[in-house]
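Next come two complexes, and both contain subunit A; in the first it sits with subunit B, in the second with subunit C.
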Partner chain A sequence: MSDTNVAAETKQTARELMIPKFSFRKHGGLVALLIILAFNIAVTPNFLQMQTLFVNISQVATIAIVAVGMSLVIATGGIDLSVGAVMAVAGALAPIIFQSSLGVEYPVAGLVLSVLIPVLVAALCGLFNGTLVCVLKVQPIIATLILFISGRGIAMVMTNGQLQTFNMPSFSLLGTGKLLGFPFQGWLALGIAAVVAWIVGKTLFGRYLLAIGGNEKSAHLAGAPVRKVKIAAYVICGSLSGIAGLIVVAINSASDAARIGNLMELDAIAAAVVGGAVLSGGRAPIFGAVLGAMIIQLVKYTLLANGVADEVALIAKSMIIVAAVYIQQSRKE
Partner chain B sequence: MQFDSSTFDLRRLLGNSSSTQALGVWAALILLIVFALLRYDNFGSAYNIVSFLNYNSMFILIALGMCFVIMTGGIDLSVGSVAAFSSVIAAFLSEHGLEYALPGGILAGMVIGAINAFMIVAMRIPPFIATLASMLGAKGAALVISDAQTVSISWESNFTALGMGKLFDIIPWTILIVAVIAIIAWVVLEHTSLGRTVLAVGGGQEASQLMGLSVKRTTCIVYIFSGACAGLAGVFLASGFGAGQPLEGLGWELSAIASVVVGGTLLTGGMGSVPATIAGALLLGLLFNVLNFENGLGIISLSAHWQSVIRGAFLFVVILLQARMASKADLSLRRN
Partner chain C sequence: MHSSLLKMHGINKAFGGVSALRGAELEIGQGEVHALIGQNGAGKSTLIKILTGVYRRDSGTVDFNGKASTISNPREAQSSGISTIYQELTLVPLRSVTENIVLGYEPRRIGGLIDWKEAHRRSQEILARFNIDIDVKAPLGTYSTAIQQLVAIARAVSLNAKLVIMDEPTSSLDDNEVAVLFSVVKSLKESGVSVLYVSHFLDELFKICDRVTIMRDGQTVKNVAIEDTSKLDLIANMLGRNADDIESAGMTEFAKGEAKTGDVILKTKNVATKRLLRKFDLKIHRGEIVGLGGLLGSGRTEAARAIFGVDELTQGEIHLAKGVPQPVTPKQAIAAGIGFLSEDRKSEGIIPDMSVRENLTLALLPNLSRFGHIDHAREKELVASFISALGIKTAHMDQPIRELSGGNQQKVLLARWLVTNPSLLILDEPTRGVDVGAKLEIQSIIRRYVDKGLAVLLISSEFEELVEGADRIVVLQDGISVSELKNPGITEDTLVRAIAHHHTPEQQAVPRQENAHV
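Let's turn to the complex of A and B:
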């Protein structure tokens, strides 16, 4: 592929991704979401109540935020298995900071630092992943496997494996607060998705990102800063995982390092894939990932609300993933 | 990875991973064993050796299946769930005796392996996604049929003989079975056309196809083999620990992948070695064994939480070494 081709193709895909034309295949996710909604309205008792909406929004926000980051990494042709473990690290750090002597003495500084430091540490985790992948050329699965295995262990060591409960209303606002009548983290997820979608669609960074995922070698030859862009994708993914970890802790007013973000990597990958991401890279449908997160959360909710066991929900989730990828696969051919 | 002429030298003796990494893992293993023998009194005791090998036989088995999948350039994330699933199946069948429970458990694993193969070959779903889905699916199935409870096995039948019995009261059956499977796998990989095809598929699917090799058939075989290995590991689990355990197996796929990688196999496929994979699995297991002894000495005391941190750090070191060797190899290639 020549350089000009890549540039042209990237432009085209970037535009296509941002303003998709309507077709059933492309909007399969949206149709699926509508079907699930219609089913719930007809069958699930008390579905059309604000309480239901709030529960679902607060659950879907963390999946969506992580899935947005995951989409960026997948767009480069990579994968990040460490998101759940990074959530645990960030979630374990926050209460430690605002419960420290410094945090107790200066509550405002403690609050600010208990948000900033965990997100910064999460970003460093992303930097670690990105450096392994881009500088040392380690395959993404293996590179992120390191933090997947040890990240949760680090969080457990930090908290001594114990549940940290706390009473810190200002911090809990992150998970329980409302803005314009809707849960705060829902707005946060939407805002993050909008910013990232803008970055992917409108900035040079976004062009490079998609070009690298489409064909790394030709992107490199065309002068794209491959290393920097790929590392940035992992750093963003790490930071977003950190934010999601803080939200989970804030919702529960408790931090359990063993459980925060457990199996989140699967949900995030599934949401990204259901939303239209392709594992070989080159596509970053950000709002698709949010849509995917909504579908996954709603399927979970639908099954639970109708008395179907959690286990069966797992099987349903696996079938959704396969169906989504299969539809994409036939689209490519 | 591509084939190179260096596969025909001495290293072939230790498998065709065509690099000094295979030698590195053996060196590390021997060093760790010597260190532990000198430091801990009971490390060399028959009891420790047998119980260590008995426990790790499950992980070696899963790593073997994973090794073949990875050599074709694929990956199998479902093995941990498959082991849990088949342990439940075996526990249910245990009252009819080992002659039903053993094939039943293996068959359960092979069925999921076949589903994986179908998704990958016929539906053309990437292995990572396909086996991720079957990982969730198999876990769900295990929880559904067991009601999310451990399934107690029948103690009246001969089922426990497999996991708890020993040949001449010395060598556990599990170790013997794994040894036999490993030798067969080694011979198949190094000396049969199937083994060469596995490596060729991993080296380049299209090229293999053009050469007239059956890529689809080979892909099916490796995933079903991996499923069978995980299924057998599940039977070991149920028989050795006295229960079918639907919640077990979490993260087993990742330790299996780590074992294969530590053994010097690259995830891109086209190369790999059975003995080095076993060495990798033993090395990872031994690390814990040594840690336990170290804790026993009372000089340091590491909580269980440290284990995963240390395992991750160890994987990090191995990857760093691999990356350095790979870049060296890259340089020497360029110079030529």
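Let's turn to the complex of A and C:
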């Protein structure tokens, strides 16, 4: 009897010894975030200041919002390269609306419409992507490449390729306002993540989404409306990109179609993957994507704050993706 | 018989102590079209894989082209003149026809560059030998499966193949395409190339094969010239039964009239689909098990897919209870009270990363949710009750289903349908690949539900399961429901006979008793 106890105990210790390795796989993102934070506290000047926190929150919010949408698309086994371009479309559209004669005459209606219409257009972009993928069976990477290229072009045409500056404090609140002392878009990102996480975890749509990503044929035979669910994932991703585009414009009080959301697709995919999404589908860790976005933002910030050149920062970002994919591979086994 | 090109003798092969081949034999003559048939698991593919160097034989001799063969990998098989056309094509659909034909053997110019002009010319010439005139510069994937298959054959021939192995070449072809394929096989034969032809479609063999080798349980049971045999004889040998017994079992036990067990739940009339099904008639009542009998490729699974709204009907009607429209998607079929346990548990059944709970309730979800929100409490309650009622062995209901044994996975999938409280459940090979214990449990679960009024359409390759389980058996041949047997009175022999008996569509109209001749 005592012998078995000893054996059990040894087993217990052995298991405890294995915990760090095991949990690194599962909570690698969290560990990485803590390491980067610790590094910054030690090295980066003035890191522990409210100002730094606010800057990072306002920057990370857009990545997080888009990454949440991207997670849904990736969960279906797809990918959306057009998110950055869709941000540009939405971002270019908003000032045009509230600066139009109608917007000037009825400022409240103009403000509301300048939020609603761009998000609606972004949703339509998602619908376009989803239709190409699900109805015309175009591969997601190609289907979304179309808007990736043409979307930014459309945004440039709408603004004549010029920087549009504006003075519209009520709209700029979206990017500069504060709620309970923290940047508004930080709350917005958290709220969106919470709602989407609830959708994924608790609703019919979420269950179908994961089932379709996990095994589309099985899901179809079990009655899942495969096409609708997949298209919806692209539409949600498009809409969230639209919201992110508005935030970027609001932060700058200017819209520059050439720059809004530039390279956002890479950040969003990286955030989702770092957060635990699997490119073959079937998983949608929403808060993981938020965590991934935080890591990517912090790495960017760290490099910038320590005077590392932009080009080098890009290389660093790609290293994160490589590391994330590596961890993902080992997770599969 | 011509002089022999290939002689495999006394081949033994075991996988981890389980013997797959026991003294198997195969002899193919020069320029001969040779059929290799047998049920699933008879050892056909193992024998072919030994021939092509995929597996190493444990013992036995292989002589090819007059000398002892030393082939130890597929590449060597190819270079010594054995080409295999697999069921799943192994070509590159996005590259041009030419590239596919010359892949790995491209003609070179000085400096090592590929001589495309010569490559295209050569491809065209090779295809012309089979009367195929297509644009060789176009991507292969733009052509039909049949053309792709012919390109694969052309490639094989261009590599100076002496023996071409075709594994189920016609399973994805339509009638016209099959005709083209046959003419290619004939021209191969005329040019002295031998063909090893593996097929489940026995009627085909009589059209193009010279000899046939029959395998059963890892052994070669017969090697006979095609004109000296009959379809009945082939089937009897495949199944290991005596042809005379099957013959004398006769059709006398056919019951006539319809002893109704309950209301008609499903009726199909003249149903045809693009996949194999040509004329399928069926009637199922409440509380009965109707079996679908037939060889592989006779259209059993396709019949199930048609009823369940997976495949589009090209002809015919499906009638359910009054007022319920004909389902055109699985979702509608489920709503109409039908369930479909598919044959391929891995690729069409489980969602491997999801939990037992999520897998079990997948088909029920719409009824488990209000305004899109899943009622988790009720879900857990239902799952718990089914886990205990069906004896599903799982650590907890949130364990990923991939971690369960095959039998328990199957029980979860069965529960996925039972929990929807269907009026008709289609079971496609419900006990395949599960151990004996689980098999008996699954059968008794099904019986329990049938006694309570569930109607079941049972597809099984195990005749025992059909004969003992089904109240009636509808026999399919080449996508046509040709006859019906009624229990009590069905024996495995009568079933085999009904399956082997040759029917033509015209004969179908004739009363069954008059069909009793072979």
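By our rule, the second predicted complex is superposed on the first by the 311 of 333 C-alpha atoms of A that agree within 3 Å, B and C clash if a C-alpha of one lies under 4 Å from a C-alpha of the other, contacts with A are read in each partner's own complex, and residues count from 1 in each chain.
Rule of thumb we're sticking to: a contact is a pair of C-beta atoms (placed from the backbone, for glycine too) under 8 Å apart; a residue touches a chain by one contact, two chains touch by 3 or more.
For clarity, every value in this text was computed on a predicted model and none was experimentally measured.
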item: When subunit B and subunit C are modelled together on subunit A, clash or fit; value: clash
item: Contacts of A:Arg283 with subunit B and subunit C, given as first, second, both or neither; value: second
item: More subunit A residues in contact - subunit B or subunit C; value: B
item: Touched partner set for A:Gln139, first subunit B, second subunit C, both or neither; value: first
item: Touched partner set for A:Ser218, first subunit B, second subunit C, both or neither; value: second
item: Which superposed partner A:Gln162 touches (first subunit B, second subunit C, both, neither); value: neither
item: Which superposed partner A:Tyr208 touches (first subunit B, second subunit C, both, neither); value: second
item: Partner chain in contact with A:Ser100 - subunit B first, subunit C second, else both or neither; value: neither
item: Selected from 145-153, 325-333 or 469-477: the stretch of subunit C that, after superposition, runs into subunit B; value: 145-153
item: Where subunit A meets both subunit C and subunit B, residue numbers; value: none
item: For the subunit C and subunit A complex, residues of the former touching the latter; value: 308, 310, 330-331, 333-335, 340, 342, 347-354, 358, 362-363, 365-366, 369, 372-374, 376, 416
item: Residues of subunit A that touch subunit B when the two form their complex; value: 79, 132, 136-139, 141-143, 145-154, 156-157, 160-161, 266, 269-270, 273, 279-280, 309-315, 317-319, 321-322, 325-326, 329
item: Sites on subunit A touched by subunit C in the complex; value: 202-205, 207-208, 210-211, 214-215, 217-225, 282-283
item: Subunit B - residues contacting subunit A, complex; value: 75, 119, 123-126, 128-130, 132-137, 139-141, 143-144, 148, 251, 254, 257-258, 261, 266-268, 303-313, 315-316, 319-320, 322-323, 326-327
